[in-house]
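Here the chain labels run A, B, C and D in written order, and each chain numbers its own residues starting at 1.
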Amino acid sequence: MKRSYRKGIIPSNIQIAPNIYEMKLATCDPGFGFKGKPGQFYMLRGWEAMDPFLARPISISDISNGVITFLYEVRGRGTHIFSKLKEGDVLELLGPLGAGFDLNVKGKVALISGGIGIAPLIYLMKRLGNNMDFYCGFRSVPYYTDRIEGKVNNIYITTEDGSVGHKGFVTELFIPEKYDTVITCGPTPMIKTVVEMCKEKNVPVYVSMENRMACGIGTCLGCAIETTSGMLRVCKEGPVFSGEEVIFDD
Amino acid sequence: MKRSYRKGIIPSNIQIAPNIYEMKLATCDPGFGFKGKPGQFYMLRGWEAMDPFLARPISISDISNGVITFLYEVRGRGTHIFSKLKEGDVLELLGPLGAGFDLNVKGKVALISGGIGIAPLIYLMKRLGNNMDFYCGFRSVPYYTDRIEGKVNNIYITTEDGSVGHKGFVTELFIPEKYDTVITCGPTPMIKTVVEMCKEKNVPVYVSMENRMACGIGTCLGCAIETTSGMLRVCKEGPVFSGEEVIFDD
Amino acid sequence: MISTKVEICGVEFKNPVIVASGTFGFGREYAEYFPLSRLGGISSKGLTLNKRDGNKGIRIYEVASGIMNSIGLQNPGIDGFIENELPFMEKQGTVILANVGGNTLEEYIISVDKLNDTNIDIIELNISCPNVKKGGMAFGIRSKTAYEVVTEVRSACKKPLIVKLSPNAEDIVEMAESCTKAGADGLSLVNTFNGMAIDIYNRKPVFNNITAGLSGPCIKPIALRMVYEVSKAVDIPIIGLGGIMDYGDAIEFIMAGAHCIQVGTANFIKPDISIDIIEGIEEFMKDEGIKSLDEIRGVV
Amino acid sequence: MISTKVEICGVEFKNPVIVASGTFGFGREYAEYFPLSRLGGISSKGLTLNKRDGNKGIRIYEVASGIMNSIGLQNPGIDGFIENELPFMEKQGTVILANVGGNTLEEYIISVDKLNDTNIDIIELNISCPNVKKGGMAFGIRSKTAYEVVTEVRSACKKPLIVKLSPNAEDIVEMAESCTKAGADGLSLVNTFNGMAIDIYNRKPVFNNITAGLSGPCIKPIALRMVYEVSKAVDIPIIGLGGIMDYGDAIEFIMAGAHCIQVGTANFIKPDISIDIIEGIEEFMKDEGIKSLDEIRGVV
């Protein structure tokens, strides 16, 4: 039997860039450590009451010695509450959920992130043995790029305001035909562009999708997206899909 | 203009008996200190979201140098949240509210508390210059009695299980005719008994009443109770009433 | 320059934010927290012909993201209002709505007649208070009964007449249409939803009246839907309310078609929340380049 | 010894806790968290005659103490259910309710007919799904239409028939009476409330269908009131639901007159919350010296 929500205790929850936080969680159950593959996620609750009501899906950004790292952006009420949690505070989490990335990809890999989409790719980068380039785009202040340095061949940083690296979008630097596999996570418009670029050059591309979730385990059908194989659940069949199968609506 | 909710920061929030906590709050506004008379109360919110929805009324148990002390019992969700707050946490409070106790009482005074009803009476005791006896009843573990010791002539402690002091209820020890004024706060059945005892002996008695509150400032009429002068608001005309005017329903 | 002005029934509101009946008393207590002149308007506590003490037992009960109330129209009566409360309200520099409730048609008529000669701006006819046992409820449920009541009150009433609808109505759109036909100058909706709570340890309903009125953010999605449907169906101005807690909620109601909005239960959560909402609306308009609320009213 | 057993329509439930349609899939995902045999029963995801992909756009939207959903009855169709899901469900050792939705009376009849020859225990007829545009809604609003539909389905149906009522019905009591007269063996209520949300920055409704179904603790007080009123009016067993989050809520519904209760949206908050509720009911019974739920059912 899988365990339902577990309590995790916070060793640290620090701001690493404007609106961006890194939270670590250790288990409250002796002898147990958090688990999960790159691309998988947890549903997090930082409240006992019924408003906010739903848990929030957050990707695994790292796991080491059973301590899990989440990298998150404050967007609304839930992530705002997360950002206020302090060392020693406890929150509840359910997971690991979703199918995650295929770790048996071949050849040279491009990892492409937009904003907080870097979170799952960092963990993936650590687990992939491949020859990799990392393209990461930010609005203004880059973060986590020090963790990439040295682990990949090339790192391409872009910012929308040009404050660091190339001014503009990652997709302006990316050349699909240089890679055997492309893996991307970020805002949907970016994902869509990457997929189109890859399709054009016939390069296999994997995308990690976001959608609003209620249950996180596949029963509410709230997170289902249109694919060439019908409606598929981001929380169950996903969040990683082949770029070819996702039908992006306009 | 009165100020709406203010933020208060917690220097300490400690458990002093099973389910009983003492929380201190300092102001977050420079140059401002919390104010209030004995018998007045504040509406406290320890949450930003909409569940729990209402603020909770808690009596002033002490104020010194602008730092306010609340003594509270964990009963439901709101007070449970209060009990989890830690040093440095911030909560919102509105007050002081209500009319409070008349401090110009004459003669020998009996203060009679049941359980957490001790909270406002402690502050009152500190502000009254009178000759006083303090009757305090508890379920099992007494608290705050060390603050009473030395400040009154006699202190009578009762516990329902007999673990400390007289086994039984305070009303079993209390002799109304010994006093010129009686002031009581606690569970309604206790208040009712005290009022009946005093009425019989023609001793003036003041009671601090509790009722469910929404607004705390006199507009919702949710806290109104029946009195000989019509419906009166616990939050506005009260929480202190003359025992003779309250109509207790059965 | 942005303008938050709204006109309904020939009455000008400096902004669309009215405080809702029963959640603001007659303004006195709130006047200690902010100048009431900042408000678009104030709807008085529900008035009945005669003074009422209201209900016994528990009157307020917290539920998930809301409250239930069973106040039972405690109020000083029309005469008490005119004598003791109205003089204060008149001085505040904001639109005054007199919220009128009642048990019988006759009572409504006499009440309205007494208010005709005062300085109140608008009569808000509450045909929907769920906490009055006789009549009050029934008026607001069936469109036919409502039509009759509103027709009679309309002919007795010399002030602009806004009818406040109950979400417990069988068919809110039909109800709105009936009241419009009967001559209402505007509609306000919604009043509280009929709800219930049980004390499982005492094995009894929490409220002496068994049911009570549900309000607060928990009802917002349903209230908004009703305002949307009604605004598509009738041509008279609508005041939207039900669970409005911030400017975002207020804008939603306006986009659903409301001319003004009312802030009810939220007043209990923060005495000056209506000011936050007014300022929030202004900022939203600035940020989004909206000059007048006409541009967004009913855009959805 | 306490017993949580309940019998309705000749079917025995080991306890009164059924998981609600659309919130539990066909049980597979939850089976990973606890043995489904612990449940009183499972109501399947709403089934339509043909496979449906459901709605596009936003499907789930969080609101104060609840959610709105516009799934649009995504389901494998009756045949897909019988072939791929039912065999799994049959093995779980709990009562199976097949929740049947549809756009037309004909569709209902064919669906029910296909289910007649299966091992499902009960048909729960959903006359109230607000997310299907044609027909589905209307059936659940007017008592007269519901009467006609239920009468026809009743004569086609060889299984016990429970009709699931919409809280959007014009008059929930009249609706319950009509369905009872039409031959329903039981009633379940409530389905989701019709609500709305607006994206104020895009100036558009959040949902492609404009309105969506509201569920969760925010609706509990209204749902409880409806269950109470209906249970006083009809003699057939009632399954109560709407915002049940813990055993206390469940006991409230039982005291209001429900035989069984359903746990819906709460399943999304904690996969094994239904087990907490079952255990909570048992403990409450022990603490309060209640041997059978018959002692407290409808005490209020």
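Just so we're on the same page, contacts are C-beta pairs under 8 Å (C-beta built on N, C-alpha and C of every residue); 3 or more make two chains touch, one makes a residue touch a chain.
Just so it is clear, the structure is predicted and the values come from calculations on it, not from any experiment.
Novice: Determine, using the mean of C-alpha atoms as each chain's centre, which chain is farthest from subunit D.
Specialist: Chain B.
Novice: Subunit A to subunit B: how many Å between their CA centres?
Specialist: 51
Novice: In whole angstrom, how far does the Cα centroid of subunit B sit from the Cα centroid of subunit C?
Specialist: 35
Novice: In whole angstrom, how far does the Cα centroid of subunit B sit from the Cα centroid of subunit D?
Specialist: 46
Novice: If you look at subunit B, which of its residues touch at least two other chains?
Specialist: Within subunit B, the residues that touch at least two other chains are 50-52.
Novice: Residue numbers in subunit D touching 2 or more other chains?
Specialist: Residues 63-66, 216-217, 245 of subunit D each touch two or more of the other chains.
Novice: What topology does the chain contact graph adopt: line, ring, star, complete, or other?
Specialist: complete
Novice: Can you list the subunit B residues touching subunit A in their complex?
Specialist: 47-52, 77, 81, 86
Novice: Please name which positions on subunit C make contact with subunit A in the complex.
Specialist: Spelled out, the residues of subunit C in touch with subunit A are 64-65, 217.
Novice: Quick one: in the complex, what on subunit A touches subunit D?
Specialist: Against subunit D, subunit A makes touches at 1-5, 50-55, 94, 212-224, 226, 230-231, 236, 249.
Novice: For the complex, give me every residue of subunit D touching subunit C.
Specialist: Spelled out, the residues of subunit D in touch with subunit C are 63-66, 68, 170-171, 193-198, 200-201, 203-205, 210-211, 214, 216-222, 224-225, 228, 243, 245, 248, 251-252, 255-256, 284, 288, 296, 299-300.
Novice: Spell out the residues on subunit D that touch subunit A in their complex, using ranges where they run on.
Specialist: My answer: residues 22-25, 29-30, 32-35, 45, 53-54, 56, 58-67, 69, 71, 74, 216-217, 245, 265, 267-272.
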